[in-house]
Structures are given as structure tokens and as C-alpha cells.
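Common to both upcoming complexes is chain A, partnered first by chain B, then by chain C.
So, the complex of A and B:
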């Protein structure tokens, strides 16, 4: 009796652990192993130590891909989190904005591939909405081949990302703002704070946890972005939108350089986990500090 | 908005102006989708000549043609199978694991819990290279399992995390009482824990269903057989076959998008809750 009892939790846990171990943990360990080899995916594997990591550090394309993704992340912090926060602020003081939330949140529902193909048409130089819109208001001079121009392609993709996720962050902030105690907001209003001051000095500081989560999601999600880039430019024009995810897919699945691709995958993973750890550390420090203040 | 408010801080914007401003923003967000549907009724020549004009009539001919040549029905069925099976696995295995973590103390608990927690943050890039080798060696690629298994594995972390939090919040006496009444562990799980977990299971189901339905990268790598492709990869294959047949492409996009918008409008609250809870963790 006693021994079967001891087995019980493992029986409940077993199937999940098996699936997770087989599809995630084992392949992750194998990827780390691959990264120490020179291997095309077939034939013999040659152990090369940390050579692939040294190669990644020297690889100009890989380094450029990191600066591109950092630019993309910076842009999406503004276009997703910033715009989402602004929109949540706009509707937080009003009633009857359900229709607005529905309209802005709808893109979150769509598969990224649908979004990407749709926006490849929005940016189409011949009949796309952007260029046609510019012509419509007499700004023909600003027309561009948005995705084919090295100076605009990365930003154009960031805008699509913002179009999708601004609504997502708006909802997060909207939910957080609704939880604020009404008395505090009212007190500030009675003290003569304008709506903008109220938003900036009272509401945003009070939902800073939600803002911190949103920034974490936006940054870690940004490093993993792939679908939009793959469909809209796949790294082009002239490598201007090459990011680590698109580059490593090319290296592994087009060039068959499994060892080198795995090293880049490990580096990317380390960066994402690193960001997560820094966030956890900061949050823990903050909550410890606030505990210290209150007790 | 900011500049205006700063100039005259104490005065609030007239409601009508604010409402009009919100409407304008909503239109900007929604317009690409409206444009997509309108363009699907136009001919290629009309699309090029006047991108903003209304179509001359509502001709569903492009839609029926797109439905057929794009094999959308087939892709939708494949997506439904991959999504349905993976969500079912996530709910079943996730609830079991969450029950074990919440109700029992056992050796290895902390380690296993932190491994699953790691899954909340792990990018797909950390494992998909070796996973694709593994699936090729085991002849799993180009079968339905190639998507069902990884989708289930990717969803488990969040499911366990959310469901465990639900179970932890329940009063322990509830389970003690059942135990004293002589119910077996399995009965306690199936007849007590699972029904109490219903709201959590719904949240997990919505989030996992949308992630699986929309997943692209693994579907691109693991499924070459067109008869097994899901909507994202199927649509991409179609769009590269008919690169310049814009009215057909707009129709296919509309056919994929409109049902999702309808589902969203019907289950609005639940979906928003599911997606944001899943995202925020």
C-alpha cells in the first residue's frame, strides 16, 4: 500500500514528463552537443570544441543579425508596448469602449502568415495601401518600395508587428488599469491633476509590474520573431532584415551546416534565458525592497 | 493627444472629439482587413487601377475558386486535427502533472517543476534543430505526429503552471475529505480536481488552440506533403504558386480570416482572457 502511494505522483506526472522530455529537453541537450561538432546532418560528426562559437563571434552576418533584431526590438517596444499603453490610457477613463478594444485586438487572432501575406500587399509598390494612401494625400514623393529598400524594410516589418501586438498589450494594460483603486485616481483628480498628468504620474507608476511583464514579453518575443521576416523579406534586401532566427534556419536547412547553426541556436537561447533571468532578479529585488518598506 | 493635453491640462477633451479620435484609430487598425475583403471581390485590373474603390459588385466567384484551388478545406481539416489532438493532450497531461505537483511531495519534485518552468521561456530555436533530426530518424516527419507532439510539448509548461496555480488556490480540506471518504487518487483527480479546474482548462485550451492553429516554423520544417499541410504553410505554398493572382490571394486570406474574426466576436471575453493570461503567465 505504502509503496503504491509513493508511486502515485509519478504516474500522474509521467506522461507529461515523457512528452516534454522527448520533444523539448532531449533535443535541447542534443543541440548543445551538435554545437560542438562539424556536421552536415548526415555522415560522420567531427568534434571541434568551441570552434563554432568562435566562428559565430567573427561572422559579420551573424553580428549584423543581432543588431537588426535589437533595432527591431527597440522599434516594437515603442510600437507594441508604447502604443498599447497609450491606447489603454485613452480608453481607461471612458465607458463604452468595447467596440474599440475589439477592433484593435482583432489582428492578434490572425495567423502571422495571414498577417504577413496581407501586409505584403499593403506595402505593394503598385497597388498597396501605403503608397496609394500617400498618393491620395498628394505625398507621392514619399512613395517607396517599402520592403525592398534597405533603409525602410526593417522599420516596415516593425510596423506590422506593432499593428498585431499593440492590441495585445493594450488589453494587458487595460486589465491592470481596471484593477486600480478608484479612490486614488479620484483623489488625484480632485487635487487638480489633468488626464495626462494623472496617466503619467499616477496610473502608469501603479501598473509598473504589468509594464515590466510587457517589456519582458516584447524583448524575449522579439528575439524569437521569425514568421513575419520569413514571409516579408527573408533577410533581404541585401541582408538588411537578416535576424538570428532567419539566418540560422538558412545555415541549417539550406546550407546543411548543422554544427554551426546549433551554436547560433545555443547563443540565441542563452540570450533569451539571460534576459529572463535578469528580469527575475530585478523583480525579486524589487519585491524584496517593497517588503522591506512595508514591514 | 499628449501635446494638446499639456497645453490645457485641467480641461478634458470634449467627448465627441475624443470619440471621433478613437474611431479614427480603430479604423486605422481595422482597415487592412476591410481592404482585404473588398479587394477579394475585385478583378486584378480593378485592384491595380483603384486600390481604394469599392468593388463593382459582391462576386463570390473568387471565393469559391480560391477555396478549391487553394485546397483550403484540406488545410483546415489538417489544422483542426493538429490543434484538436495537441490541445487534448495538453489538457489531459497538463492537468495530471499539475495535480501531481500541487497535491504531492515527492523526490525530484523541485527539479521537475523547474524544468517545466524553463519551458515557459525556452525559444523554439533551442531545440528544433535536433528535434528535426530526431523526427527524421524516427520517421515522424510528414506524419500528423510531427506537429501534434511538439505542439503538445510546447503547451505543457504553461498548462502546468496555470493549472497548478488553480489547484494550489483550492482549500486542501476539500481533498482531505475525499481521501477520508476512501476515494482513490484517480477518482479524486477525475471527479474532484478536473471539474474544479474547468475555468483554468478553458483558458489553457483557448491559448494552446490559437498557438497551435497559427504555428508556422515547425509546420514549415516538418511537413512537405501537401496533403498534410496546415493553414499557415498551405496558405504560403498557395501564395507562392499564385504570386500575381491578387484577387484569388485576397479571397483565400479572407476565407481564412473571417471565420477567426467571427469566433473572436462570439467568444470575445474568453478569448481575450485566454490570450492575455497565457501571454502574461
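So, the complex of A and C:
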């Protein structure tokens, strides 16, 4: 019986490990393998060593795509996490916000393709809601070709992303805020803290773990962004919204260069993993420092 | 249970998972579903395809026909490629002749249909002259469908007449029309070029007229660089379009559907796009009075100024399909007299023999068909006639000049840099 017990954890882990292996590890290993070849997706492969990685390092479009995604991530940190936090602060300070929460959360439940198509109508420069609204209030001078102007296209996509995910982060923060001990909040109020000071100096520091998770999700999710970009601009105008994923898809499916596309996928994965690990380490350091202050 | 027994159970479970994970393979599935994939041919033609599918199912009760209509751009870029490599790959799929078709056959996705045309269900449906366009290395590899003019300049007859503008026959006519229409606050030309091919096709044709068909083909095949005085002259005309505000400011931000809507709703006077606009208009703008002219003649151009940009299209039967016989029968049914009549009513211009047997057609579609058949020179569109990467680089350069983002020479140099020339 003893040996059976020793095996039991592995049996429970086995199916999950196999699924993980086939769904994640094997494809990752195959992608690394493809990245060392020149291959169109059909026919024979030719081993080219690290040539595809050298090509990626020289590729100005690929390098620029990382700049674009970093700008997008910075914008979404404000528009998703920042706005979500602000909304959570508002609804946690008031009663009767159920309908508001449902309304703000609803976009999260819509398929991203539907959201993208919907917003392509909103941003349409000729028939769209944004330009029509600006004209309606006499601000014709502010009308733009939002998705066709290199200075506004990336921001316009970030706004859509914020519209979708602010509600998601709001719910995460709202759940965290509801867990705060009531006596601490009451004590702060008795000490004369207003709602803004209470939110900024008491509530937010106490849900910093939830904020840290939200930031990590937002950053890693930003690197994985694809559908909004693909539908709204497909990397345009003039490459201003080209991000690694849209460029990768073009290289693989339009150019039929699976080897080079795989090298780009490996680099992207390494960057996302690296960012995640660095962030986790920084967070661990902060937690340790914060524990040190209280001991 | 003993340890050994646990191990056996674990091994069996692992083996099952392995088989589940590795048992499938890509390619068409051997079931009773006939899968057909294409870009969207427009609602009018979709109704005909759906009807043919029902007729086929009635005649073959054991078979179900599954029609998959994809967004055109998606189909051309990643859609078809994904479908062909999937587990339920199409048995029949739409394709353009040219380098794309050759690549499909090379990759093993195009069946040799020669016997089907000689003695099978497709025998006698097409003239040999038509089949010649669909023949590679002596094998017929595609069932002909239509010959599309991929770009002419459509115009709203009422808007032009009200503005006192005649349909442009020359380049100076076109620029004068732009000025006259702009003065009246009407967008002269609507283009939805977000996906780059709509203006790309139009202005590649313009370029071919300027540089000459031989230089155009040689450059697109990789035999010459783009940054030459001839191409610079051609791109200079694109810059003139931008400078004279001939094209809607939103051109590079909206897709082809939105571009067509500007034309259908009377917000723009002209719209450069292919023959399929007639079919679209049946549902989208049934009352709109519109007609077309071929691309205006370019001053001092080295090419044939009567050239037409177009491509023959058809349906490939997947060589990996287990239902090549059924697929051939379906395509024969599609090309039966009654169904060809329905396709023509839906403003398609099929190439099969029944199509030329005295069936009336919309005058614009018939004239377009004649335009292509009698063209003194036919120019292949970059994205279907040549390598897609080259086409994309050319299209991006055209969009950049049209959008005022690059000078002609800088845009042409950028193409050469991208293509390593």
C-alpha cells in the first residue's frame, strides 16, 4: 500500500502533464526546431542554424513592432488597469452599483472580433460615431481618420482595448477591495481621511497584490494582442500599428516563411517570459522589503 | 490495486492520450461532407451556390455539401492556407490562376483533372481555348469559373452629369474631373485600401501602362529593381492623385466594403475596383445608376494604353481529397445550363460553354467580359499573378505615396530594400 501511495500524486499529475506536454511543450519544442530551418510549411526543410535569428535582429519592421507593442502596453496599463482601479474605487465607495458593474463588465464577454468590427464602424472616418459626434458638438476641427493617421491609430486601438478590459480589472479590484477589513477603513475615516485619501493611502496599498497581478496580466496580454490589430488596421497605416504577432502572421502565412516566423515566435516568447520573470522578481523584492518594514 | 496494476492503468491512459494527440493528420477528412471554400462572391452569387448545394444533396442523399465563405482578404492571405492544412480541408476551393495556382499544385493541393475533362463529368463543358489557361505542364488543374477584370473606374452617372464632367478617357481628363468634383464638395474617387490590394491593383495597372507590360512583369518576377526612372515616373502620377486630392482622405484606413459604400451612397463620384461591383450592387445599391471606363490612357506611357488588368479564376479540386469524383460532379452541376443562367443573373460571367449559348447578361458584365476577351494586352494583378511578398511590398509603397507619406523614389527604394534587391 505504501508504494501505491507514493505513486498516487504522479497518477493525478499524469493526465495534466501529458496534456500540458502536447498542448504547450511539444509545440514549443517544434517551433524552436522550425526556427532553425528554412521551410514554407510544406515540402522539405533546410537547416540554416541561427540565420533566422540574425535576420530578425536586422529586420527593422520586427524591431519597430516591439516599440509599437510597448507603447500599446503603456497605454493599456493606464486605460485598462488605471481606469479599472479608478472605477473599482468609485463603486466600492457607493451602494447600488450592480447595473453599473454589469454595464462596464459586458464588453469583456463579447468576442474580440465582434468588438473590433463594432469599433471599426465607430472609428469610420466617413460614417463613424466619433467623427459624427465631434461634428455634432461643433468640433469639426478635431475630426480625424483615426485608424488611418500614424499619430492616432495606435492610441485608437488602445482605447478599444481599454473599453473592453477596464471592466475586467474593475471586477478584480472590486473583489479585492471587498476583502479589506472594515475596521481599518473605519479607523481611517475616524482619523479624518476623505474618500480620495482613503482610496489612495489605505485601500490601494492594501490591495497591491491584486494590482501587481493585474499589471502582469496586462503586460503579458499586451504582447499577445492580435485580433484587435488584425481587424482594425492589420498593421497599418504604413506599419504604424504593426506588432510582433501581426507581423509574424504575415511572415508565416503571406510570405510562407515558417522558419523565420518560428524564430520570431521564439523571440517573442522569450521576451514575454523574461518580462514575467523580471516582474515576479521585482515584486518578490518589494514584498520582502515591505515585510521587513513591519518586522 | 498493486503498484504494477496502477502502472498498467497509467500506461494505458498515457497511450490513449498519445493516440488522441497524434492520431489525426491534416488534409481533407474521409467523411460524407463535400467541403467547398471561397472568398465571399457577394449575396447574389451566394444564393446560387447554396441552391446548387441543395440540388447536389438531393441527387446524392448520402452527401452533405458544406460551403465556407470567408472574408476576401482573409481568404487570400491566411484563410485558405489554414484551411488546406487543417483536418477538414476543403475538397474544392477557389483560386486565381498564375503563381498562386502553380504553388498550390506544387504543394500537392491541386488534383490532375485532365481525365475528368476528357471523359468524366466535366467533359464537353469548356472550350479547349479556355482550358488552356488552366493547364500546367500538360495537366488541367482547375475548373474554370470566371475571368475577372480586377480594376476599372466605376462612375456614378448622375453625379458626373450634374457636375458637368465626362467619364475620363485620359489622365488629364481624370485630373480635371478631380478638380471639378472637389470644387463642388464631392469626393472624386473612393477607395477602401486598408488591405492594400484595392488601390494596389488599380495603381499597379497604372504603373504597367507607364513602365510597359514587359518591364512590369520582369520587375514583379524579381528580374529588375523598382527604383528606376520608369517606375519613378509611374509613381509620380500616383503622387499627382494625392496632390490633387482625387482620392478620399480615409482611403488607407477603410476596407474595400467601406470604400464601395462611399460610392453606393453617392458620397463619391468614382470607384476603382473590379467587375464584382456589379454583383455587390444588386443587393447594396439596386437603384444606383453607374457605369465604368477602363483606366484612362497615361501620357507618354511605354505600355499598351488599352491594356486590361484581369485574372482568370476557378475552383481547384484538392489532390488530397478522397472525393475527387463527387467534387467533379458538383462542379459539373454548377456549370449546367440552368445554374450558369442563375450565375449570370447574379452578375457572374462564367466561362463554361452554356454561358456563351445566347443567355442574356447585364450589359455592364457582358461589356466587361468583352473588354477582357478583346484586350490588346492583359496585365496580371500583382497579388494573384506574382509572388505575394513582392505584391505586398509594391502595395505598401503605393499606399505610402497615395497617402502622402513617402515620395515616389523613397517608396520605390523601400520596396527594393524589403525584397533585398
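Note that the second predicted complex is superposed on the first by the 256 of 295 C-alpha atoms of A that agree within 3 Å, B and C clash if a C-alpha of one lies under 4 Å from a C-alpha of the other, contacts with A are read in each partner's own complex, and residues count from 1 in each chain.
In the analysis below, contacts are C-beta pairs under 8 Å (C-beta built on N, C-alpha and C of every residue); 3 or more make two chains touch, one makes a residue touch a chain.
A quick note: this is a predicted structure, and the numbers were derived from the prediction, not measured.
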Open item on the list: A:41 in the overlay: touching chain B, chain C, both, or neither? Say first, second, both or neither.
Closed with: both
- [ ] Classify the contacts of A:254 with the two partner chains as first (chain B alone), second (chain C alone), both, or neither.
- [x] second
TODO: Examine A:238 and indicate which partner it touches, taking first as chain B and second as chain C; both and neither are also allowed.
DONE: second
TODO: Identify the partner contact of A:129: answer first if only chain B is touched, second if only chain C is, both if each is, neither if none is.
DONE: first
- [ ] Figure out whether A:146 sits in contact with chain B (first) or chain C (second), or with both, or with neither.
- [x] second
- [ ] Check whether A:266 is in contact with chain B, with chain C, with both or with neither, and answer first, second, both or neither.
- [x] first
Open item on the list: According to the stated criteria, A:192 is in contact with first (chain B), second (chain C), both, or neither; which is it?
Closed with: first
Task: Partner with the higher number of touched chain A residues, chain C or chain B - done: B
Open item on the list: Just checking: does A:87 make contact with chain B only, chain C only, both, or neither of them? Give me first, second, both or neither.
Closed with: first
- [ ] For chain A, give the residues common to its interface with chain B and its interface with chain C.
- [x] 10, 15, 19, 22, 41, 126-127, 249, 253
- [ ] In the complex, go through chain B and note every residue touching chain A.
- [x] 1-2, 5-6, 8-13, 18, 21-22, 25-27, 29-33, 35-36, 39, 47-48, 51-52, 89, 92-94, 96-97, 99-101, 103-104, 106, 109, 112, 115-116, 118-119, 121-131, 133-134, 149-150, 152-154, 156-157, 160, 185, 189, 210, 213-214, 216-217, 220-221, 231-233, 235-236, 239, 246, 249-250, 253, 256-257, 260-261, 263-265, 268, 271-272, 275-276, 279-280
Task: Residues of chain A touching chain B in the complex - done: 6, 8-10, 12-13, 15-17, 19-20, 22-31, 33-34, 41, 86-87, 90-91, 94, 97, 99-114, 117-119, 121-122, 126-129, 132, 136, 163, 166-168, 171-172, 175, 192-197, 210, 213, 217, 220, 223-224, 226-227, 230-231, 244-245, 248-249, 252-253, 258, 261-262, 265-266, 268-269, 272-273, 276
Task: Touching residues on chain A, where the partner in the complex is chain C - done: 3-4, 7, 10-11, 14-15, 18-19, 22, 40-43, 120, 123-127, 145-150, 153, 233-234, 236-239, 249-250, 253-256
Open item on the list: List the residues on chain C that touch chain A in their complex, please.
Closed with: 1-3, 6-7, 9-10, 13-14, 17-18, 21, 77-78, 81-82, 85, 106-108, 194-196, 248-255, 258, 261-262, 267, 388-389, 392, 396, 399-400, 403, 405-406
